[in-house]
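Every chain is named by a letter (A, B, C and D) in the order it is written, and numbering of its residues begins at 1.
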């Protein structure tokens, strides 16, 4: 239990997928204008990442490895991820049309969110157990959601600030992200023992 | 080679069936938003938006072909209602709200031709043939549909005068505005 | 004499309490002065030079940006916020650090962390702490090179010119004793596998002193003077007790528990509170108006978080000191705290629903 | 209030009261100066709307002679109030005059040129108000044009009727006068304590309440003493000193200070069995029922650094601020001329503005007193959050309004704002927060009006569509009918022709048969 907790903290905070590994910047910049859609995006991505981690672990262990099909890894992973995203899109469209409208193009774009593929690939490289992979995937996704929420809160406040015209919009978003990454450097080398 | 083809095909098949099943299960009927949007519109079909009537504008809004600022007579209130319904944000500061205007008929020029009566979407103009027409201020929406119909140019759009009850505090200059000047 | 005509409609009120932003900043600087002067005495001329340079470059950065945006610089500089930022940054640098550290830090604080966001009140992170963290990550060696105190007038203390040489040209071969701060020492020894009981039993362990004749940056030396300045600010009604108390509690509580469980692994609460930038952070950094929550309740949560994260980073993290990181992390959470914790509106409950009418008494 | 809420409140503010601000009150020496009477001006301009609700309808004509207290304009609609002549003289105009309002827009007014006699209209002798039914008492108060003199100018009779219907048990008299500079209520309580107490008893009778509490801020010891002495004979009336704190005079805050309860956000004090009236209103009620005198004059505080002789003056309604200032003499040209208190009063556009029923004071403030600086950026010090007596976030609300996000401000509680001015008063950046809120409230009201107009337009368009449909249907029906008629006619004609032919044939036959017979 304690091991998984450490793994969660490590993947969510210390090796945060957005701020330390710089993966998934596209939705991080795109869907962080307000907290509600950021939460929706975070949850959708968490779902996709966790599911994709499980599916890719299964594929890797029972299909790709036994048959020596390592060269098809990225292809198969993308296939699974795309299918999962399609599924999530249907569910969101059905359950919350507002959220569907707010996420817009970024919802199908989870497919190409490099965080999803990245985490799946990294987990497979680790060659860890199924549960371990799942926890690591979930932790990373949690870190993504957390940072997305924090960033959305900051940007909501930024929307009311008098940012100079030259920096308004995306530029100040990137400056803000860099400062947030600076703050997250405080967790570097964190060892819970 | 065979294994690769087989495995990928199998995978594709499984996922395809799964998604097909999900698509049935989570099917969404085409949204009733057009009707909801149309209910918000003034319903006068004045045509200032450039669409065929309010229902046309509502359909364009739902398709994303029109912005919530499409309807001039609706004013800022309608823009915000539409934006909320569509789940988009609009910057109202750019919307020039000149304040409401209503039509006025100059009695010397009016020839009593009744053309404007027929075009008024709210029946706000009263009159009869060869009689001077008059605008009922309360009913006029300021849609300007009548202005071009008048053969003598007797109809003008006058701003509604500001009274003590309708006066609105002007927006204060933003902080430091003087320092920026 | 009744020739009065109003030019524009001005809203009420037509009276004012008389407070000004400049005075707020001025009072904070006044409260910082005793600890700063003591630090000057302790570390001599190099520290004074660094302080001046850091503030100068902060002002320069601010003035540059303001001019770039076509405004007059002097009225903006007069609000005192840039000078205060520079001052706080100077207090968190090693006293004998080279001049360019202060210069880069000062510019980074006012340009990147503040003016890019729109200037005073618009920044989301504490500018001084952003600069400190950026320097720490970019230049870890000069940022952690501490010297032992060498008070003004004592034997071997650098005079004005020697001080300039140290600040401008670095400090090679100077006979000042390089020294480690207490937290840094503890961290190094722990990583070498020596437990804390042994570390502090040995003779060369850094002393823990309330008055502050110890190694560290200017703002870390005298916990007593910093706390005194902070308490003065509370009495001047510039800040309230909420943030300092909650932040110190946030450090002390986990430290107490940890130390009780395993004194060889965890430093005691007193050590935590009196070393590093805990006091400076609690009274002067976390209390920054711009980057702390609006409500007192939110401030309590915010400051406790600052304290707790400070303890976590000090205890488990890779850096010996965590105040700056902790403050930045909680700064990032401030909008979320403000969103969740709002004052209760009259006649409504916390959620904003109108109150129920009390039951009719029969 | 739950336990959690108490803990939260303790953590946030410490023990005791916490809302509001403590401005320098500057009430003396004006409050201590004896009451003076304004010499009758040559002309009085009596606005037709001096109350919340619809403007009164004039019932006099230009050139008509009127006596003091004669009805000039009668209430129109459910919420309105009568307007009476403030002096005797001739009506010289029914036109417009600049309203005592920051917009500088005009309002309708009746101009009386005084004849100098100031003769009261003859009226029947007053009856004992306690012999009247509560409803009739209220009707007499309504006839006298009494409105709330605290500033809101809500017609008093309506409010009393509201209290009667809500079966209130307590009447609270607002003698808080928390605004700095103002002392008109203070002066009234010192000089007319017995009359106010009598007015309170009449109001108790009119509402059926059992007891009355008079809330007076403790910075007015003389008023407290005078009122306590006057109220001693009546067990049901008690004087309750309250802490001097702005805005104690806010209805809901005085209510909370006296009862310890809170008024729900969507409710009124009457929901909790309490009605709040101003002490000045009690005096006006006394005048109306005991002396048959309608509300035609009031006590106005003249104060501010630019005034040479500050003090309280009895001013007839409709006198120009110009006249009042001339009487009190200005030392210098004021930086701001304010009607009402400095915290909530409105800036006057110029001095040719009439005094109305709700004018509690005229302040000529120097630049130093107004202490206006150019606004700077918000430093998020949250002084405004702590000062706000309602518990709002003025800094966030104003930021949303500045970014034209009015709905964001509404979500933060803009509609609960009472515009008391505490936030602007404490703001170290001198941001005109109340100005932002005024702007947003006005803009929202304008949007609401547009919305109403749009809805009306939609109904009209629907009616038109229906009419056109009906017209075409009727036309079609008419056409069908005509066609049917034509068909019928044709058929009839045809039938007739056939019949005729047949008849003819028959006739011929008959003829022939006749012939044959």
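Going forward, contacts are C-beta pairs under 8 Å (C-beta built on N, C-alpha and C of every residue); 3 or more make two chains touch, one makes a residue touch a chain.
In this text, all values refer to a predicted model and were calculated from it rather than measured experimentally.
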| Just how many steps, at minimum, does a route from subunit A to subunit B need if it may pass only between touching chains? | 1
| Distance between the centres, which are taken as Cα means, of subunit C and subunit A, whole angstrom | 33
| So how far apart, in whole Å, are subunit B and subunit C when each is placed at the average of its C-alpha atoms? | 53
| field | Whole-Å gap separating subunit A and subunit D, where each centre is the average of the chain's CA atoms | value | 57
| said: Two or more other chains touching the same residue: where does that happen in subunit A? | reply: 162
| remark: In subunit C, the residues touching two or more other chains are 9, 11, 69, 118-119, 122
| Which parts of subunit B, given as residue numbers and ranges, touch two or more other chains? | 169-170, 172, 174, 176, 179
| message | Chain contact topology under the given definition, line, ring, star, complete or other? | response | complete
| message | Which stretch or stretches of subunit B touch subunit A in the complex? | response | 3-4, 7-8, 11-12, 15, 18-19, 22-23, 26-28, 31, 86-88, 174
| said: For a test of understanding, state which residues of subunit C touch subunit D in their complex under the given definition. | reply: 1-6, 9-21, 23-24, 79, 81, 118-122, 242, 289-292, 294-297, 300, 338, 342-350, 352, 354-358
| query | Tell me, which parts of subunit A touch subunit D in their complex? | reply | 159-160, 162
| field | Contact footprint of subunit A on subunit D as seen in their complex | value | 377, 399-400, 402-403, 405
| remark: As the complex stands, subunit B meets subunit D at residues 41-45, 73-78, 80-81, 84, 91-93, 100, 120-124, 138-139, 141, 162-164, 166-172, 174-176, 178-179
